[in-house]
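Shared between the two complexes below is subunit A, which has subunit B as its partner in the first and subunit C in the second.
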Partner chain A sequence: MFQYIVRRLLIAIPVLFGVTVFSFFIVNLAPGNPVEMFVNPDTTQADIELKKEALGLNDPIYVQYVRWLGNLVQGDFGYSFSTYEPVLNMVSSRIGPTLLLMGTALFVAYLIAIPIGVLSATKQYSWLDYLSTSVSFLGISIPHFFLGLGFIYIFAVQMHSLPTGGMNTLGSEGGFSDTFKHLIMPAMVLAAGIAGRMVRYVRSSMLDILGQDYLRTARSKGLREFFVINKHGFRNALIPIITVIGIDVSVLIGGAVVTEQIFQWPGLGQLTIQSIGSRDYPTLMAINFLAAIAVLSSNLLADIFYSVADPRIKYD
Partner chain B sequence: MKRINRSISIAAVASLLLLAGCGGGNTATSGTGSTAAPSNSGGSTTSAAGKTMFLGLVNPPILFNPINSADVASQFVEKFMFDSFLEMEAPLKFVPKLADSFETTDNQTFTIKINKDAKWSDGKPVTAEDVAFTFNLIANPKVEISVGSYLSMFEGTKDTGKLEDGKTELPGVKVIDEKTIEFKTKAPVDPNMIKEQLGTKLMILPKHALEKIDPAALSQDPFMQKPTVTNGPFKFVQYKKDQYVEFEKNPDYYLGAPQLDKMFIKIMPAPNLVAQLQTGELQMNIGNGIGKIPPQDYETVKKFENVTTKSEAQYGFQTMMFNTEKISDPRVRQAITYALDRQQIVDKLLRGYGEIVDGPYTSVSPYLDKNLEKYSYNVEKAKQLLQEAGWDFNHELNFVVPLGNKVREQSADILTQNLKAIGLKVKVSTFDFPTIMQKAKAGDYELLLMGLTFTLDPEVSSLYSSIGSFNFMKYKNPKVDELLLKGKAEANPDKRKEIYNELQAIWNQDVPLISLYSDSDFFAYSKQVATGEPKIFGFHNHLEKWSMGGAQ
Partner chain C sequence: MEKNFLEVDKLQTAFQTDKGEVISVEEVSFQLRPGETIGIVGESGCGKSVTSLSLMRLLGHSGVIKKGSITFNGRDLTKATEAEMRSIRGNEISMIFQEPMTSLNPVFTVGNQMLELINLHMKLPAKEARAYAVEMLTKVGIPRASEIIDEYPHKLSGGMRQRVMIAMALSCKPKLLIADEPTTALDVTIQAQILELMKKLRDESNTAIMIISHDLGVIAEMADKVIVMYAGQVVEEADVFTLFDDPKHPYTKGLMDSIPHLEHDSDQRLFSIPGTVPTIHNMPKGCRFHTRCQYATEKCAHEKPPLLPIQPESDHRVRCWLQQDDPHRAPIQPRTEVIA
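This part shows the complex of A and B:
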């Protein structure tokens, strides 16, 4: 197992390298450049040329890449082409809010979805099953912006019980309960979609297992139905669920663009959109790099959890 | 990359549309309780009531480097903490601010006297040395800036506004005494032009805080993200990216300590401005093209009982540019202009809150020639001109539309219909802004929509001069080049007006671009505000007097 993890980590290095090469060139291929879009009538052509030179944009693209990589190896992500702030500061200030929002959303979603999915499968074709499948279908299909704006209208504009957006009440002390209030609406919007999908995965995965012979065996040896379902059944249904969780977690780090924008949540998604809009290459590269690491590590974690859930799966 | 970006934009636009719908639904119920002072939800204002104000902005400011901020939002926010020499209260009406006086006797040598009480937030006085330091920084060939045109008429600079390589001091700038500075231009100029650019837009930097920094590294200095030494009514506390800028009062402000303790500028999508004005989480929207209430929501906001609303004409305008190299016959450009039903855009999309202008000057500009014949909507005339010009009706026009301004995107639909109505074939494509700039520069378009905002001064060489940095039309008319130079160098306002009238007549014939409309700005401000209101001219004048009325 240990060897397996080390091997996977070693393989990750060339993969990451490939990701950086690929994304660096893609990012630079996008039409337009970070300097020329910031022209206004007060800016002269000389101002623009000076900036291009200072940002190193006049060098051939492979020179720019090698310079970027060289800095990265030393732990330097460079500074933003639009705000002139160190990229590391910009990105790291966004990670906290992103993890808080996405973590809460995932946690709430799984907490609701997994029991409902299991129940829905064991009581197939009951009213509960019909209700949960149709509600989860609604959760999947409602677009985030629609649900988000609906929530704002109901809870903020009409009921005055939740703030319309942001992460803290400005001018107040803030604190946990304040952030929590701000967190409720965006987290619920995101959780609706995640939970909707999860209910369906859990349900179908459980249905597969419920027909298996070993469950009949478990019942015939007199095991209580509760253990039949939750110990023998659910554990075996976990494999496909872990796959889905692995994907969800890797998407987590990218942030949720639309939801963040509607609720002015200062996460990575907002930063990504702005960086694309201003062709802020160093910031985009740092975000890409981070996302690549998140995908690789969540895949690895999922693989490890497979063998935890099912001891028949062994890596060596 | 482009596709991702576009689909996100589509989602964003869709969300805006939806909130617009929500906004409409609010009106019926807005009287029931939504107008009350915020309860625990937006509770921010209740505890600190009377001493804190929240302003709403849409475009996030990027950085706070007064000499290197190219975006309007950054420049606007900087003016809460950095004072300009003058303020413009109404078109070309200048009043003193950081400068007690800003004068010239010969239109070539200018003298600025700085307010004797003015000091930086660390207690050091604001001096002529600071002014000279800032001027020299802007002209320094090593310093990254975005305001180079301010100094392009200074003695000793090249046309680019920069000094020769290796030089760091402007020869025409003289420190007379601690509070007096003098500078000289290459030739006599209209003092209003200097007063508008250097007087109302330039903000000076503290020499004592920045002189030790290598000029080439100045733009990366943390000061430019978090200014610690400022001279305005408010001091910078923090900028939470995409959320808010927080200011606290500068108790030692030379025009008097501000009435407010804190000022927050909150950043949010335009439809959220409407919701937060209604809930009382905002006291006003900033307007000025960077914090505007969407036109379709303005009627809704007008019905809120807790805010006062107004609309004001402004000097930014939207254009359709013609690539004059590809559409070289002016008759075709005239024909297209006749074909455009611009009144429909103003009526339908702007709900009547806008005006139609043909050239680069709107009705607030003293230089607009009101006697010039305007292009009307005339389909017959358009068809006739196309026939005369022998236009190939099988040719498909490449019509390029930037994303990011919803009204402009919608206007493209109307314009396309108009063009098809006279038998033209049109292919519309939309792109994000960096892509648009690349296409515009490369001339990779035939028709292009673009919004422009110049100063009130009529100097528009960057747009129409054959070497102008905004001349995406590839427009070349030697007579225009000559007149533009003459206009810039003429110091007498009356003679200048004649020159610019002549130019407007030429542009009216050549039509390198046609202005489509100038949309009014919408402002809403809470009835809790006792003193202060958002406006186009002189927004930042006397911020120290702004106050909240408390109970409401």
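This part shows the complex of A and C:
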């Protein structure tokens, strides 16, 4: 197992390298450049050239890449083109809010979706099953921007019960309950989609299990149906569920771009949008790099959890 | 003779399906004494497994016992509450299944699954419970039982897993062990070992066994008495010697004739009963076997034969008009065909 993990970590290095090459060139292919953001009627061509030279943008792309990579290896993510802050500070100050939003959304979604999925499978074709599959379909189908705007209209504009955006009330001291109020809507918007998908996966995964012989064995022991389903059944349905959780986590660490933007949530997703707008290459690269690490590590974690959930899966 | 502890009387089990209610098993009656073994034979789809699952009341959402009674130690199981049934399952009546490869839960250790049952019905301190589980595993002939108990089922062979199932089933010293095709999925040498083991444990513990099989060899080996089922009904019932010496029902004879014999010439084609078991949705009227029976008469097609003793007071019962109408008709000959 230990060897397997080490091997996977070593494989991750070339993969990460590939991701940085790819994303560096893609980012630079985008039309426009950071300097255009500083242009105003008084700016002369000479000023622009000077600026470009200073940022190193006149060098060939591969030179820029090698320079960026050289700094990265030393732990230096560079400075933002638009704010001149160290990229590391900018990104790390955004990780906390994103993790909070993501963690809440995932927790709420799974808390609701897993029991409903199990129930939906055990009572297949009942009104409860039809209700939960249709509601979950709705959750999957509604775009985040639409649900987000709908929530804002209902809860903020009409009912005045929740703030429209941000993480803390401006000018206030913040605090737990204030942040919590700001958290509810974006977390629910994210949770709707995640829960919708999860209900479907849990349901179909459980349906595969419910006909298994070992459940009949468990019943023939005199076990309560509750334990037959939730101990013997659910434990076997975990593998596909772990896969979905792994994907959810890796996607959300990259930031829920649309939702964070709608609710002005100061997380990585919002930073991504801002950096794209200002062609802030160093910041974009750092976010990409972080997202790649998140995908790779949550894949590895999912693989490790497979073998915890199912003893037949062994790595060596 | 000890008294019957199990009396199944005119059991009728039905399932709700998309096409409406279907009767899967009807008019199944038999009695069992402690330590006795009853065999149930018949083709696939004859209602053997449904009969056994009815005893356990494990028919799922759609199955229901419509009529009849199952008197077990003076209690009618058809009227018992679910909680009463849970205290009986695995404890007083336990069951082993056809597929040892899939009957154990792959994600829990052998010990975990055994202790679950032992803790449920036996209230032993943790250490004793584990020691008892090891003892049971040793009893069914599992080597290194104290190590195997911590293994997951996938590390064991089919025969070993069936031994684990037997150890588990016998842990609570049940009065009745239902074995639903316990050796069908095993190879022949393992089959013999498992049957020997079951016989040995039966003799030690006086547990009655209900063994379900389509393998007449297994039945001959194990059973004291046999019921032959066809299309959800008992068509013949007798003690094992009578049944094999003198089968009365054409279906039973057909089954006997279908057994390959070593002394047959290699160019003899093995007999098989023509046709298949009728589907549950279009059961023939009259005798259910008449569509496949070479002796069928007009009467068989229209009137249902009752299950009656061949002679007054006899334990040998048969559901066939031929036996009840004309005692002087020509005897039914064993059949084999010669390949041209």
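The rule is short, and it goes like this: the second predicted complex is superposed on the first by the 314 of 316 C-alpha atoms of A that agree within 3 Å, B and C clash if a C-alpha of one lies under 4 Å from a C-alpha of the other, contacts with A are read in each partner's own complex, and residues count from 1 in each chain.
Here is the rule we go by: contacts are C-beta pairs under 8 Å (C-beta built on N, C-alpha and C of every residue); 3 or more make two chains touch, one makes a residue touch a chain.
Owing to the predicted nature of the structure, the values given are computational and were not obtained by experimental measurement.
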Fit or clash - subunit C, subunit B, common subunit A: fit
First, second, both or neither for A:Pro266, with subunit B first and subunit C second: first
More subunit A residues in contact [subunit B versus subunit C]: B
Partner chain in contact with A:Gly222 - subunit B first, subunit C second, else both or neither: second
Touched partner set for A:Gly75, first subunit B, second subunit C, both or neither: neither
Which of subunit B and subunit C A:Val39 touches, first, second, both or neither: first
First, second, both or neither for A:Pro60, with subunit B first and subunit C second: neither
Touched partner set for A:Pro14, first subunit B, second subunit C, both or neither: neither
Subunit B versus subunit C as contact partner of A:Arg235, first or second or both or neither: second
Minimum C-alpha separation between subunit B and subunit C after superposing on chain A, in Å: 43
Residues of subunit A at both interfaces, subunit B in one complex, subunit C in the other: none
For the subunit B and subunit A complex, residues of the former touching the latter: 1-2, 4-5, 8, 11-12, 14-15, 18-19, 22, 25-26, 29, 33-34, 38-45, 47-48, 52, 54, 60, 62-63, 65, 70-72, 141, 144-150, 152, 158, 160-162, 197, 201, 216, 219-220, 224-225, 240-244, 246, 262, 264, 266-269, 271-272, 275-276, 278-279, 281, 431-439, 441, 452-455, 460, 462-463, 469-470
Residue ranges of subunit A touching subunit B (in the complex, touch as defined): 26-27, 29-34, 36-48, 50-51, 54, 79, 82-85, 90, 93-94, 143, 145-146, 148-150, 152-153, 156-158, 160-167, 169-172, 257-258, 261-262, 264, 266, 270-271, 273-274, 276-279
Partner subunit A, residues of subunit C touching it in the complex: 56, 58, 85-91, 94-95, 97, 99, 102-108, 116-117, 120-121, 152, 154, 165, 168
Contact footprint of subunit C on subunit A as seen in their complex: 212-214, 216-224, 232, 235-236, 309-312
